[in-house]
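Labels run A, B, C, D, E and F following the written order; every chain starts at residue 1.
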Amino acid sequence: MKIICAFFLFTILSTSHASVNDFCVADTKASDTPTGYPCKPVSEITSDDFVFHGFVAGNTNSSNPVALTPAFVTQFPALNGLGVSAARLDLAQGGIVPMHTHPGATELVIILEGEINAGFLTPTSAYSKTLKSGDLIVFPQGMLHFLVNSGKGKASAFLTFSSANPGAQLLDNLLFSNNLPSDLVAQTTFLDLAQVKKLKARFGGRY
Amino acid sequence: MKIICAFFLFTILSTSHASVNDFCVADTKASDTPTGYPCKPVSEITSDDFVFHGFVAGNTNSSNPVALTPAFVTQFPALNGLGVSAARLDLAQGGIVPMHTHPGATELVIILEGEINAGFLTPTSAYSKTLKSGDLIVFPQGMLHFLVNSGKGKASAFLTFSSANPGAQLLDNLLFSNNLPSDLVAQTTFLDLAQVKKLKARFGGRY
Amino acid sequence: MKIICAFFLFTILSTSHASVNDFCVADTKASDTPTGYPCKPVSEITSDDFVFHGFVAGNTNSSNPVALTPAFVTQFPALNGLGVSAARLDLAQGGIVPMHTHPGATELVIILEGEINAGFLTPTSAYSKTLKSGDLIVFPQGMLHFLVNSGKGKASAFLTFSSANPGAQLLDNLLFSNNLPSDLVAQTTFLDLAQVKKLKARFGGRY
Amino acid sequence: MKIICAFFLFTILSTSHASVNDFCVADTKASDTPTGYPCKPVSEITSDDFVFHGFVAGNTNSSNPVALTPAFVTQFPALNGLGVSAARLDLAQGGIVPMHTHPGATELVIILEGEINAGFLTPTSAYSKTLKSGDLIVFPQGMLHFLVNSGKGKASAFLTFSSANPGAQLLDNLLFSNNLPSDLVAQTTFLDLAQVKKLKARFGGRY
Amino acid sequence: MKIICAFFLFTILSTSHASVNDFCVADTKASDTPTGYPCKPVSEITSDDFVFHGFVAGNTNSSNPVALTPAFVTQFPALNGLGVSAARLDLAQGGIVPMHTHPGATELVIILEGEINAGFLTPTSAYSKTLKSGDLIVFPQGMLHFLVNSGKGKASAFLTFSSANPGAQLLDNLLFSNNLPSDLVAQTTFLDLAQVKKLKARFGGRY
Amino acid sequence: MKIICAFFLFTILSTSHASVNDFCVADTKASDTPTGYPCKPVSEITSDDFVFHGFVAGNTNSSNPVALTPAFVTQFPALNGLGVSAARLDLAQGGIVPMHTHPGATELVIILEGEINAGFLTPTSAYSKTLKSGDLIVFPQGMLHFLVNSGKGKASAFLTFSSANPGAQLLDNLLFSNNLPSDLVAQTTFLDLAQVKKLKARFGGRY
């Protein structure tokens, strides 16, 4: 008897559930907000929304030593509002991920294979280590950091983030791919003007 | 003199107020976001928006022992973005709220009448008590919990939550009302297959 | 076979659980932090920590028309870090809860019995209603609000909050129980000086 | 060689950047949400979006002693989601910012010139000081506070806030500009009815 | 000249940095708080604090099919306050991670090798898929979920979480390892009493 | 009568207030936590705690063109947990604040006098402007930014932040004052090795 009646409760609770934000798969065609995209209707969601394929080794070789495969909210809309994302990094021998920051995310790196020298910089110390398969390193939010394949073959890693959309701000891209006058860049970085101009030419910046 | 002039300040401040989020009554017809619904225009808001009626004893009897009246953001849009909601629970003699969780909310229970045995489970302990009118119990966010009318007559309680939309995930609903193969449910719960099939039949699950 | 082995996993997970913040019952003798008290050791926690007794009608009468029974983190340390608390309010006929704010919490009021006129104020509108048993009203965070027993007998309500420690700032207490010079209070409130002095005398303020 | 190849990485990362919320300039014509406005498309953003002009001394004189220039999200949409805003305050001699609160923001005041007596009120203490150029005072979130030009000439200050949209709730505006019955205001504030009626007349409230 | 002088600015900024929370490596011997552990002094921190070793395949075999290696804040104190953690999962053929929840964390799974059938349950749907190396699946916060090695050999995965301390609440552990009376467990789960007693015996629960 | 009785309510509420976190002035000698310092006892707090003196023009001249006066939580403990802080910046003619980030804070700049060229960098654009007295500019959290006195005399500004402890990470300090090998810095920044060595010598880095 009791059991049959309990279905009434189930009905009430399941109905109230219809609007519950147990998840909020991004409607990436709608306008973003400071905390993420509006949600796709639950009625349109299937198991496929929660799965991302193709997190496999990118093609690298001596002339293309770095491959990054992101699974951020743009690529994987189910992450919207959930505070986590990931990327796969493949480095040919000598491959380098140059200095960069993620302004809104901590990065936790899991080394898969090879040997990677990685670290982050603070005003008072550089914290860095040479890592091997089975090692983790964490770069706290907003810290300038780098990864270098310091071994003799390929290296790869999974990168995970405390945000659905960590972005990536490569230092050279920031400094040398824009149209800030070269002498202003030189003044505010203490770099030699010739150095700035050389890198502006290389990274596509004007002036 | 001074007082008259102050009206200028008032005007400025009141104007700036027009867009202030002192509250954000949900426009529940718009798409939800990870942190709640878009706001209805302030010009459409009246005192009635901030009031919810009908938080009264639900009809229960021996063949329908559980009644739940939610006042979540869906029913009471003024709660949008305010981090609180409530529900009224009525239990006929023998009534049971079976094991369930609220993934995004702590629940604070206020016993109104009768005797309720309530508790929540952690991997290392079950914390439970028999409660009477005037007792509170708190179920921390995400914990599996239950309430049972353990007394001789009716029992009722107010449930309050640390979210405008706590949802409710009844364990049997989760396990037995879906289309996961019965043997997979059995494997991942250690329940006997016959038990799984029996409850699948009862809760509407396929396979 | 499989089942026996799974105990290994259980052991690992339970061990890792030892330090998990499924809850954080306040050690109220330690120093508070901006987000709550340090946690009591899990080993000292029992079911009694999660229960609060005495949430019953306070004594009111014509010469003592207001009784408030708080269950905030100070009285109920299990609420620490959980973002919710409650209080019981009893009002004799004519009883009034004067204008006040909770700077860090939304308040959701559940009317138990009697008739209560309640509302909150914004720069552009006063939102108020006369409420009866079974009605809810919500006062968004930081809004100035009041409750008055507007009926013919007793009235009572449960107050629930979106914070473990909502505090309560009664306007008269703020304005008239301190040692700010009366003319400064008059200047900054536009009240007549005589009115300020009269209330300072009543509420214990100096000057 | 390596350097040329790194452009591939740059391309990938820059592409993934296209949707990154490094900032979210408000589209103030869209509906607000509990955490801010939807974002304008990045393609429409220029340097001008991040700059606000006219944060200069407002016109004050003996008959208009208070001028406030807000730079909140409504005036300066780039602040959307960034948790900070500012206003400039100019006070002629004798100018007063009467008692008010910001329900959702801490205020940090920087005195520019003149002498200002400022403070905030708690149930147990009034914290106030006479401040000069080069002094700061902080009013914690939701506290009732005031500022008075207590010097012999003009005074001015910058007000900064821990929210993009702090609002401002002036006590007299709250109490005396609305349509709450005067006797209800008197009852819930302990003010004399005549005082309430006098201020209702002055501040535009009805009844 | 300019450059030399800039050192003064550097000195000021570096000094102010001494107390900056760029990171907060946990002092796990101090009492936890609702938002994490107190920080170890920066002077005691070295590069080794940010690195975790031993994230390698656990030993599994037919009689011990599941191995989990957590890198949560307890094992890796540098994660304190950073909102991310990870674990490595190894499953022998037939290995199963039974139904469980993480009350305070979303889980993002990266399949390394083998074939894993994984999914999570909501009151209205079960979302599940069979995954292979290079697939990701996300389990939103608090959802009941499972993973099964559905392939012909070993399987392994990295689990990453949106919390430094996700915990893990295995359903059987919750229901059957405690001292709740068996008939109460049966009543609140709709399981047969014999089933409850059988699993209580297996999982160490009393009664 | 009613008024006298209301004092009972006041007493209850004021008592419950004793532990309310209306503010949490930092005990900076205690260990920090991820969300701020433990609170000083309320009984030790006076008005002086909420005031900061000395926010005046720093000494600058042609050989010392930059002065920064921070009022962060270390200098001004009342800001603890309140999400806001400030600094005063003075620049002699030609003075420069070189490229830097605040990993955990948005910066809102108020120009006081002079002419300042300021901007921030993203991977796809540099947003910069020449600003004068009465202009504001905002640097969203974590963005690399700079300020240059581009006028003919002194310049000054107030800097306000969306954090009680924004820190400051000067790019040159990060790259050139540590002990990372020069060739590693060169590799990960694309700078010429000679340039790196030159700046390492200047900024105190080893190798």
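Keep in mind that, in the parts below, a residue touches a chain if its C-beta (ideal position, glycine included) is under 8 Å from a C-beta of that chain, and two chains touch if they have at least 3 such contacts.
Please read these numbers as outputs of a predicted model, since none were measured by experiment.
J.: Between subunit B and subunit C, which partner chains are common?
T.: For subunit B paired with subunit C, the chains in contact with each are D, E, in label order.
J.: Just to confirm, which listed pair, C-E, D-F or E-F, duplicates the contacts seen in B-C for more than half of them?
T.: D-F
J.: Roughly how far is subunit D from subunit E, centre to centre by C-alpha average, rounded to an integer in Å?
T.: 42
J.: So, what's the distance in Å between the C-alpha centres of subunit F and subunit C?
T.: 35
J.: Between subunit A and subunit E, what is the separation of their C-alpha centroids in Å?
T.: 20
J.: Identify all positions of subunit D at which a residue touches two or more other chains, and write them in rising order.
T.: 3, 6, 13-14, 17-18, 22, 30, 33, 35, 96-98, 103-104, 119, 122-123, 125, 128, 140-143, 168-170, 172-173, 177, 190, 202-203
J.: When you check every pair of chains, which ones turn out to touch?
T.: Pairs flagged as touching, ordered by label: A-B, A-D, A-E, A-F, B-C, B-D, B-E, C-D, C-E, C-F, D-F, E-F.
J.: Would you mind writing out the residues of subunit C in touch with subunit E in their complex?
T.: 1-6, 8-10, 12-14, 16-22, 24, 27, 30, 33, 35-39, 41, 80-81
J.: Which residues of subunit E touch subunit A in the complex?
T.: 3, 6, 13-14, 17-18, 22-23, 42, 45-56, 71, 76, 78-79, 82-86, 106, 108, 110, 119-120, 122-125, 127-129, 131, 133-143, 158, 160-162, 190
J.: Along subunit C, where are the residues that touch subunit F in the complex?
T.: On the subunit C side, the touching residues are 28, 30-35, 62-68, 70, 72-75, 94-98, 100, 103-104, 165-170, 172-173, 177, 202-203.
J.: Give the list of subunit F residues in touch with subunit A in this complex.
T.: It comes out as residues 96-99, 101-104, 117, 119, 121-123, 125-126, 128, 140-144, 146, 148, 168-175, 177-180, 184, 187-192, 195, 198-199, 202-203.
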